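Take this structure, written in structure tokens, and hold onto it; I'll ask about it next.
A, B, C, D, E and F label the chains in the order they appear, each numbered from 1.
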Amino acid sequence: MHGRILIINPNSSQACTAGIREAVAPFAGPGLPRIEVTQLDEGPPAIVTWRDWFGVAEPLCRRIEAEPAEAYVIGCVSDPGLEAARGVTGKPVVGMFRSAVAAALTRAERFGIIGFTEKSLPRQRRALQSMGVEGNMAGWIPLNLPMHVLTDPIAPQARIAQAARQLADQGAEVIVLGCAGMAGHVGVTMEASGLPVVEPCQAGAAAALLAVVGARMPALLSA
Amino acid sequence: MHGRILIINPNSSQACTAGIREAVAPFAGPGLPRIEVTQLDEGPPAIVTWRDWFGVAEPLCRRIEAEPAEAYVIGCVSDPGLEAARGVTGKPVVGMFRSAVAAALTRAERFGIIGFTEKSLPRQRRALQSMGVEGNMAGWIPLNLPMHVLTDPIAPQARIAQAARQLADQGAEVIVLGCAGMAGHVGVTMEASGLPVVEPCQAGAAAALLAVVGARMPALLSA
Amino acid sequence: MHGRILIINPNSSQACTAGIREAVAPFAGPGLPRIEVTQLDEGPPAIVTWRDWFGVAEPLCRRIEAEPAEAYVIGCVSDPGLEAARGVTGKPVVGMFRSAVAAALTRAERFGIIGFTEKSLPRQRRALQSMGVEGNMAGWIPLNLPMHVLTDPIAPQARIAQAARQLADQGAEVIVLGCAGMAGHVGVTMEASGLPVVEPCQAGAAAALLAVVGARMPALLSA
Amino acid sequence: MHGRILIINPNSSQACTAGIREAVAPFAGPGLPRIEVTQLDEGPPAIVTWRDWFGVAEPLCRRIEAEPAEAYVIGCVSDPGLEAARGVTGKPVVGMFRSAVAAALTRAERFGIIGFTEKSLPRQRRALQSMGVEGNMAGWIPLNLPMHVLTDPIAPQARIAQAARQLADQGAEVIVLGCAGMAGHVGVTMEASGLPVVEPCQAGAAAALLAVVGARMPALLSA
Amino acid sequence: MHGRILIINPNSSQACTAGIREAVAPFAGPGLPRIEVTQLDEGPPAIVTWRDWFGVAEPLCRRIEAEPAEAYVIGCVSDPGLEAARGVTGKPVVGMFRSAVAAALTRAERFGIIGFTEKSLPRQRRALQSMGVEGNMAGWIPLNLPMHVLTDPIAPQARIAQAARQLADQGAEVIVLGCAGMAGHVGVTMEASGLPVVEPCQAGAAAALLAVVGARMPALLSA
Amino acid sequence: MHGRILIINPNSSQACTAGIREAVAPFAGPGLPRIEVTQLDEGPPAIVTWRDWFGVAEPLCRRIEAEPAEAYVIGCVSDPGLEAARGVTGKPVVGMFRSAVAAALTRAERFGIIGFTEKSLPRQRRALQSMGVEGNMAGWIPLNLPMHVLTDPIAPQARIAQAARQLADQGAEVIVLGCAGMAGHVGVTMEASGLPVVEPCQAGAAAALLAVVGARMPALLSA
């Protein structure tokens, strides 16, 4: 029972990678695969444009080919290269965005998303379409803050609280944080909106855990 | 950090409850809430009709009011009483069916469901509609076997394998087991279809774990 | 040709039952089944929560089993227990909400709904999803008035008129009154909006009449 | 209380007009508007092509302008000229097709349609789209029989029974007769399928009755 | 290679016909069919009501029967009589509205439409439904200007610019001009919105050209 | 008026590039931009996998930055890199797949697609979702032939004819050739199915022509 789940952050930001690591730390146990987090040093500082989004697919594939694991999580909330990654390994590959939206749908019918910048919307919309759930999105509000402001523990709180309240007013019943860099702001989002909040790093980890535990199950039962 | 997740099987079958307990056992760790499984002794032997489905809502509500927990899982793959249960507690409540379908959508675009009996379809369809994902279902095939055959480790395998292959032919890219009683048949389903398989007891447990860990997060970070 | 249609009000309000009776009185004729209205004395004063909604299914089923009729109408504009009721009788069972929405779609493409309280929306949305028509709803505006104000002939008129005008502005081409207690306010809704208005007690009665007359038809023709 | 509902058959077939009259005869009562049936003598023998469908709109408008009524029913199960007719009168105008489909949705979630000829499908599909319910259609099966065979009391029964059974197999839970000329075949359709059946002449009449009774209501209540 | 494409303006306005002719003039080449523009002298001055819309179908059919061409374009941005016209010729028939919306979808995901009057919306909505793309419309804003103001080169510019900006704010990524009379205002719409603009006369011409060139292709290749 | 449209074939097959060039040759005229076709020599022999699909985005962007044009067409019927390409130029960029599907919707309501291999389906489905038209696809049938067989003028005809007939049986009213390599088979597809056929190289060219002519229009009118 010695496998691991590998979360690959496709951007080169070590701060971002550290934040992911911290967010998923609670998901550990003797019967569970351990979760490791790495990053693409050759990736862009952040996935901002469609060109960035397309561009990280190839290095993601190479990394997966080079690093064996029981499952992989693409550590960016726009799921770049997901389909390509699935083509280079027989192991489960999940994306943080789809995982977070799926988790939201276990909690309520209508979700709202707080996005990083307005440029992320078309990519997240495409993923929502592939899941069939675009019609269940009550709202999508971008923060449009620089990454260093977003990851500050205090600075973005007023803006995030405002977005959270707005989504609640628009009918959201659960809120998805639309960027891995917002993990520190779960509390302010919950308080401001009065709604459950899904943090995508944790959602990706939970989806990968489930995939691994499920795939191990037949062996366990026959043992 | 001493909370628990309570899975409530709304039927009175102890065998079913035991099967759920076994399926979710791997999800344990020092930083995770423990998972406990109980049942409604006053429930029907199985949720077969709509009348059963409506009827367990009230006892589920009373049980939740009587038994504190950090989160609840409704332990039947038609999510009976889900909305009522959410009205009697401020804690997260998830259903096994929605959790399993959501998990499937983290793995692929089109899912197939192996159902218990054809009577389950309308209830599961209603839940799919509430999630918006009815259009992503590639197929739904009922087994129409008695429960004691279904839970036998060997007897239903040929029928399950056939259903799994049929769903693959219909375009399913991932298979959801549509009944808590099929937990022992993950292996045969995977082998027959060559597809990933989602077991709903585990999916419900993972969804509840994520909800609890996420809600604890602000306290952890500020500590 | 001595049958009857039984409308069962699942709440215990005699005022509400009387209002239904008055609304459906015009639907009488020598070749038509007579329409009778009764209520669940054991029901809640009103169907306000999901727990109420689930809870009346079982007494509705028992009442239907005890009282023979040619067709049944569930007399609450959230169609509680509809599927369960259909399971205990071979006779037609219709709900007032689905009947009213269906009637609206015979009059125009986009409907608006004036709801009793905002708590009714999720239940009505679920029914709309089952009909496939959620996308044709131009707006849904709750009154959030106490029942005794709502049934007053004068007091709620200004609020209702405002809601009706708002729905017209949002693109509604026909308005559905979303509660059996609003039967006295058809006029103000029509005047304020300039649109056709569907009263759900009447819509349920008409749907049941059609079901009975249709089922009698073969006998008539062969006679 | 001396109004009438006028059903206008847009084709010139007197047999068809007589059939409609017979089907709607039961809907009579002292408090109800009387139902009269007429036809367009200048119409085609049947509405077979799109050109026919477009072509009857203008004479329908002229007839409505010439013949006052409390409500109008367009007496063809493809609802020709419906929107134009609504533009020339302030009174309710309903179509038999939309009325029948709406009635089906009060009875079950998935409907099947037995069509006259395969040429009717695109027109009925357009109407279903306008109602938003195309996705709830389980099947559409044309008879492709000549009108004189269709209206024979015996000749088309085997073909109709076969279509009814096929629709049930495809998942239909209620069947809509897709042509006014099939009113005599409600019985065989019910028996063959074991499902409720909606006859469109009656459905149109019931929808118009509801519209008139609802519009009269404010006057009644204030009297 | 001597064929022609015939654009038939179904209204009787010679100014409108001239505008169409000017808009499509650039689409000429030695290997392309020539494009000719004509009008229905018996048509209404403009297609304003549903009655107008239905009414031009028959004269359009007669004109097509009388005037041979390799393809036809219905020269009004509500595609009147399209299905009827297709029934009287084996040659391609396209409508300007569907052509313009289709062209918009080659440029971006979400389109906005500037409509002539609010009365056009229901007809354009019906066409969008038949294409399946109603959900991709970000906004629909009518000008509600008289035709002689609309076709003035200067007078309507402020109103058009305002509508264009509003559509951009509503999320439109491309703008469709919703009336053949707006061909002179492509520039102001582009400038005001910063978005690509589709002019429907040109879109109809391009769709017809493609249809003719495609149908000729096998002959070309085998020559 | 000296601009050009540049079609960039993202694979390295010169045969494929030549085929595109031949298909678009008819679209030439004195008032039209000339159409040039080039290819990515660094591209894969064909776009077969998702990894190929993601991988050509970056070289496509670089090529567009290096080669000025009035508009660009991505010359592969899965529209790889489309969104990235739009981010590196202010000029119109269209994809052959979206252009072909849009063209199909100008011809009929339901389209069928003959695909290259079954691996293309998920990519084309994603594009259909972005257009909103997935529900209008009557069928999708892959040929699963090697490229050298597909481009043979004779060898694949029987298989193509069979697919075309099957799509017609499934309700397709127009057929889209799902690969640039099938341009020589328009004739057999038309004959076998009796339906209009859209060839994607031509559809992409027509969409780009329309974009350029439309954008030039204001200058023309003010001249």
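Points to keep in mind about this one:
Operating definition for what follows: a residue touches a chain if its C-beta (ideal position, glycine included) is under 8 Å from a C-beta of that chain, and two chains touch if they have at least 3 such contacts.
No experiment lies behind these values; they were computed from the predicted model shown.
Counting C-beta pairs in contact, the pair that comes out ahead of the other among B-C and E-F is E-F.
For C-D, the equivalent interface among the listed pairs B-C, A-B or D-E is A-B, as over half of the contact pairs agree by residue number. Centre-to-centre spacing of chain B and chain F amounts to 44 Å, using the average Cα coordinate of each chain. We define each chain's centre as the mean of its Cα atoms; on that basis chain A and chain F are separated by 34 Å.
Mean C-alpha position of chain C lies 52 Å from that of chain F. Residue numbers of chain C whose C-beta contacts span two or more other chains: 109, 122, 130, 134-135. Remark: chain D residues 49-51, 53-55, 57-58, 61, 81, 83-84, 86-88, 122, 126, 129-130 touch chain E in the complex.
Note for the complex: chain D touches chain C at residues 23, 25-32, 92, 94-95, 98-99, 101-103, 105-107, 109, 130-136, 183-184, 186-187, 190, 196-199, 202-203, 206-207, 209-211, 213-218, 220-222.
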